[in-house]
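Shared between the two complexes below is chain A, which has chain B as its partner in the first and chain C in the second.
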Partner chain A sequence: MSQVATLPDPLEEVAPPRGRHGGAAWAVWLLRRIGLALLTLWLVSVLVYVATVALGDPVRAILGRDYNSNPGRVAQLEAQLNADQGLVARYFDWLGGLLTGDPGTSLANQQPVWGQISANVLNTLVLVLLAAAVMIPLAFGIAMISAHYRRRRPDTVIQTILLGLAGVPEFVIGILLVALFSTTVFHVLPAVTLVSPTGHPWDQPAGMVLPVATLVLAVTPYVSRIVRATLLEVLDSDYVELARLKGIPEPVVMRKHALLNAIVPGIQVIALQLAWLAGGVVLVETLFAYPGIGRQLVDSVRNHDVPMVQALSMIIAAVYIAVNLVADILSILLTPRARTAISQ
Partner chain B sequence: MNQIRNNVPGISRRQLLKYSGLGVAAVAGGGLLSACGGGDDGGGGNGGGGPQNNGGILIHGATGGGSKDTLDPHQPVTNPDIARVSNLFEPLLFWNSNYELEPALAESVESSSDGSKWTIKMRSGVTFHNGKPVTAEDAWFSIQRVADPKKPLSAGGQLSQIIDFQSTKVVDDTTLELALKAPYAILDSLLAEYTLGIIPTDFDLANPVGTGAFQYKSFEPGKTSVFTKYADYWGDAAFVDELHIQDFTDDNAKVNALQAGQIQTVDNLPYNLIETIKGAGGGVLISETGAWVPFTMRVDVAPFSDVKVRQAMRLIVDRQAMIDQTLSGYGSLGNDLYAPFDAAYANDLPQREQDIDQAKSLLKEAGHEGLQVELFTGDDISSVAPAAANLFVEQAKLAGVDVKVTKKTPFYDDDYLSYPFAQDFWNTRNYIPQAAVGTFPPAQGGTYNETHWDNAEHRDLVNTAAQTLDEAKRNDLLHQAQEIEYNEGGLIIWGFRQQVDGYAANVQGLEPSKYLPLGSYKFQKVSV
Partner chain C sequence: MSATTSSPAAPSFLRRALKQKRFSVGGGVTLLVVLFAIFAPFFAPYGENETTGPPYSPIGVLGTDYLGQDVLSRVMYGGWGVLVISVLATIVGMVLGIAIGVVAAYGGGWWDEVIMRLNDVLLAFPQILLALVVLTALQNPAPWVIIVLVGTSHAPRVARVARGVALGIVSRDFVVAAEALGEKRSRVILAEVLPNMTGPLLAEAGLRLTYSIGIVAALGFLGFAADPGAANWGQMINENRLGLATQPWAVLAPVIMIAIFTIATNLMADGLAQLAQRGE
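Moving on, here comes the complex of A and B:
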């Protein structure tokens, strides 16, 4: 029963198709999931559009105190916003542009939106993937050590540290790291990420260390604690007991029997955490002057730059949906019972 | 790591350049040192005071910026924009570090005897970054771009109204005869703004060329921009090979980067981090400015329509406390008069101080004992504004005035310029242009007349002064105008902010300037 309880939701949405060939059943299932993802994305686009329109008059926000004294600029900006068209017509214009890869022109500086955000999207993606590459093995490693020593001293120490880290906001971790490695105690790592206009943040690998470390420290505790809890549950189960009784060495039991079964809940937690990171960790980006999408989104909202806000929101939503879709697929593939349920 | 490597003195070729340029550098360094001796504040820093090094990269950490950033020479929006245009482009005249006019791209700017025609003589031998010589034609093109009567840009508000566009003519390559609709005695000061840089007639924003000591290499809104030393600069060429200007939205990131040696200069150092920078061996540059955040009282609505109430409010303010608490002490006293660097500034009027008894009796005379007023403020005015508003509430209590603060988001909406009692922000300007834009009726150019001040006598004095070429006479007229504002005006000007900037230990050549932060952003004088 414990296994079923840890399974993710997607199973329940899918009525197992009967009497079909395994491969075809898989294709149908996958198409159905992708269709659902696209439907979700479309609903998000409606929400994003309505919400950004409700931000207030962007023209007034852009011109500030010059609004009253510069009617020429007001007319120019209003023309750019197509303020005279209806809401629905403007929505479909925008959606059409989005689908054809043209999310419009920024109101703040009259440059194409995509040209401005593409570099930042890549920067955030690299930051998140690097953080994930460090975080996943680290979190599983810690969880395995912790589970191995369960409720003995090493476990207690680890759990106390993890709880402590989980309780500290990520920007505080960042500030402490900067003070420790860049400004106050040691002067070994750059405090901020300086990027030449033609380059990328990772051109100076040293500059990536602190942002990645901050994200890793912020996310690892959650993942590690969930994996540990699942591991403990699995280690108590009958089939692990049976494996031990059969004389299989403990490391093999841990790796082959326990870990593989504990991985599924871990994937779900990792997916949620990665999606959160991909949404732009504004505080971390700000602290390290890292050119990512979180800071750009905040800047755009402040400027009431509607096309930028819309494009960035859609990208973030798409990443959320994609990451969760991938996590669901992985979960199913790694759960034999769910796998066979689909192809039966 | 790139930055750290760049700070190490160059090798071979660069070394050679260094020695060949040593003579020039030593002379320039000596000049700067003596200039610094004259100034106070120990600003310049200038480390050990040895000769300045050639070469290297100067990375300036600019406060703010974002996707609104632009390289347009005539409409800079953000702090980094101002730093960029100040290094790429140059106006006909400069405001020097003491806020006085100095020739720049123009050798001379002289008026006819009645002030209605101005002859601008261009400096010869000045070239744009693309090698093209600067001519009077370029100057006229730039002025027209800024002073387009249909869409004037920030430096062109006044110019667009006074220039006679038909009669102005380019006499030859080096002479521009600017004709005015009416005499204007201080036209030269309008030509010295950093927002009126001279650009070629075929200017292209995608590849912006100017005459500054640095030329364009790359730019991305909200991120880094790169400029290289312009070797054929008409003045003293820059010490550093490259200038980078990096946007910082966060003060902590900016200061951390300075401490870690990744950047060399920052503008607008937060007051609470001054000691941190000093402790880390860096320098702090403190400059006087004429920037102010006044309280504005509308003189055409009750209760402020009664001059006694206005004077009482002015007597309620404890100006030193305002400076101490909202500017951490980095400010100088205001006397309800603006334009403190103007030669006509009325220094002799007695400094107004807090006088609660006098304020109470004025309010009693006006029949406004126990006055209740609403004060409008907002974060978009300046971070100083809400703090000053809250402090004013406390000070007004002493005189029995009940002030209710209403924080508007945004402050600059349709109600701006109709608030009975509010705040605003202004930067350094001289008296005539400031009076024109801030105290004249909108129809006569007072685009930002928050107090609805409409005083014909005051206006006549300012207008007459604007047409009076004789400086002594002009200053006398302006003195009279200031007396009227001192006695009846609707502005409470409690102080002027001091500019606080920071720099790394290896930076030499900075001196305080009253005009713009970091020695008016003249990075060609700075070596690392």
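Moving on, here comes the complex of A and C:
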């Protein structure tokens, strides 16, 4: 239930109407919301830069014990990071590069950052979208079954299982799946994703099963629990009672009256979870050696490869902000009371 | 009015909580795991870094790990670090988050707008990412660094909840009355607002503890633990992963401990959340 409480209310973001009507009010709201997203993204870039460069000493972290014995390498790395310039100048230099599509050069292998990232962005995108495509119908299906048996035994069992799953970290679920399906009990699925340098992970569909299943199991409980809570709220309401009294069969009540009303909270929680997936892939990709940006991020953090970490975390944060923006716009469009609140 | 209702409500809240199945089961198992993490090191058959046989051999109850250390002993030693860091990180996150949220709600207007916008910036980072970004420029992070990082990643999420709860309280009569009497702002917050938020905040703390355990274990799993030599459930998974096919217990034992711990704390948090919701 606590997850329900943390869902943002789309109405909260609605600016009070001030004399504008219809389309104009809409445009103002939309521009304001997009402007806020861009402002957030800019502040995120400041935070990423400060966190990676100013909180610690990247050169010292890269060289480790060699720091004192190898002044030539120190000077070389500091030159590459432009350590002689001020923090603000370096930040704007980096930001300019980011905006023009040149996020710099990797410290680990001296290759341009973007060239190493671009293929992995696609791989991660496919993984996340596949997980979402399986998760959304599954979560709604479980929620409908659970709501059908509301407050009876099957519902309690389903809810307890979902609650249990919701707490378990995703890599724990992943390892249990690996132990179950690829090493200890059965030997039916590969435990790691094997990719040729030119190929894609989905060339071998069997290797995709466990990563996708792990993500689905990690996310479905949240979505399903919130959709069920909304369904129950609607099923107990007066207008659904009226529909039943009119003699409309229960399956139609569920589909037409209850499910449609659960879509908006559903979209919000799906957006939250998709945004979460952008970070959740970090662990799952590392576990399955999946060639995506999550695993690349972990490797770059291990190598203290500052430009790579900066670019990858900006991508993940940008996805997070974009998904939230789209979800906000969709929920306003689909909620009549919020729609009229804006355009009155 | 707040003083008379909140002080006798505290013992009855616990009694009501114990009657609830989810809280009592979750809380009971959590207590067992905590006791295990604290006291098991005293009963471990071997030392933390004591070699008892060849790597990945079946010697001992749960076999040996990648260095030939006794897995059962490592599991018994490995809970303490996860527990302490998770609990402290949860406390840091709750204190920071409540402070931000309550100040935003109580300050209102511009304060609220600016604080919550900055909060949104931190929210744009998935929790584990915030820790990873900072760890880029550090070498062998100290335990307090991990505590602060995990705590900071909780703070914006706690702040959102705390602000929501506090917004419902700051406009109530007893707060207005205390302000009218000329109480200091800090005193109004500490004596009038906070005591009326305990229910939802306890539930949030339980949820945050669940996530703390997950993130701390995950950082260990990714190889960013504070002390590479010490036993740590998250790190044990990482160390012994390659032996999963030959000696599964070296990985499964810590995995199962983490799973039991997080399921229990999550059940407890959900029980608290239901109580807090009913109480209002």
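As a convention for this text, the second predicted complex is superposed on the first by the 313 of 344 C-alpha atoms of A that agree within 3 Å, B and C clash if a C-alpha of one lies under 4 Å from a C-alpha of the other, contacts with A are read in each partner's own complex, and residues count from 1 in each chain.
Definition applied: a contact is a pair of C-beta atoms (placed from the backbone, for glycine too) under 8 Å apart; a residue touches a chain by one contact, two chains touch by 3 or more.
Computed from a predicted model, the values in this text were never measured in an experiment.
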### Query
Put the two structures on top of each other at chain A: do chain B and chain C fit, or clash?
clash
### Query
Counting only touches as set out at the top, which of chain B and chain C does A:A206 meet: first, second, both, neither?
first
### Query
Does chain B (first) or chain C (second) touch A:V134, or do both, or does neither?
neither
### Query
In the superposed arrangement, which partner chain does A:I145 touch: chain B (first), chain C (second), both, or neither?
neither
### Query
Just chain B (first), just chain C (second), both, or neither: which does A:R60 touch?
both
### Message
Going by the contact rule set out at the top, does A:L30 touch chain B (first), chain C (second), both, or neither?
### Response
neither
### Task
Determine, under the contact definition given at the top, whether A:L330 touches first (chain B), second (chain C), both, or neither.
neither
### Task
State whether A:L194 touches chain B only (first), chain C only (second), both chains, or neither.
first
### Summary
Comparing chain B and chain C in the superposed model, the one touching more of chain A is C
### Message
Contact-wise, after the overlay, does A:V282 reach chain B, chain C, both or neither (first, second, both, neither)?
### Response
second
### Query
In the superposed arrangement, does A:V178 touch chain B (first), chain C (second), both or neither?
both
### Query
With chain A superposed, which of the segments 76-84, 166-174, 238-246 or 256-264 in chain C collides sterically with chain B?
238-246
### Query
Of all the chain A residues, which ones make contact with chain B and with chain C?
60-61, 64, 175, 178, 183-184, 191, 286, 300, 302, 305
## Note on the structure
The residues of chain A that touch chain C in their complex are 1-2, 5-6, 8, 36, 39-41, 43-44, 47-48, 51-53, 55-58, 60-61, 64, 163-164, 166-169, 171-172, 175-176, 178-179, 183-184, 191, 275-276, 278-280, 282-283, 286, 297-298, 300-302, 304-306, 309, 313, 316-317, 320-321
### Task
Mind listing the chain B positions that touch chain A in their complex?
1-3, 59, 66-70, 150-151, 218-226, 244, 246-250, 252-254, 256-257, 259-263, 280, 380, 410, 412-414, 416-417, 447-448
### Task
Would you tell me which residues of chain C are touching chain A in their complex?
22, 117-118, 120-122, 124-130, 132-139, 157, 160-161, 164, 200, 203-204, 207, 210, 213-215, 217-218, 221-224, 237, 241, 244-245, 248, 251-252, 255, 258-259, 262-263, 265-267, 269-270, 273-274, 277
### Message
Help me check something: in the complex, which residues belonging to chain A touch chain B?
### Response
60-62, 64-65, 67-70, 72-73, 106, 108-109, 111, 116, 175, 178, 182-184, 187, 189-192, 194-198, 203-204, 206-207, 286-289, 291, 295-296, 299-300, 302-303, 305, 308
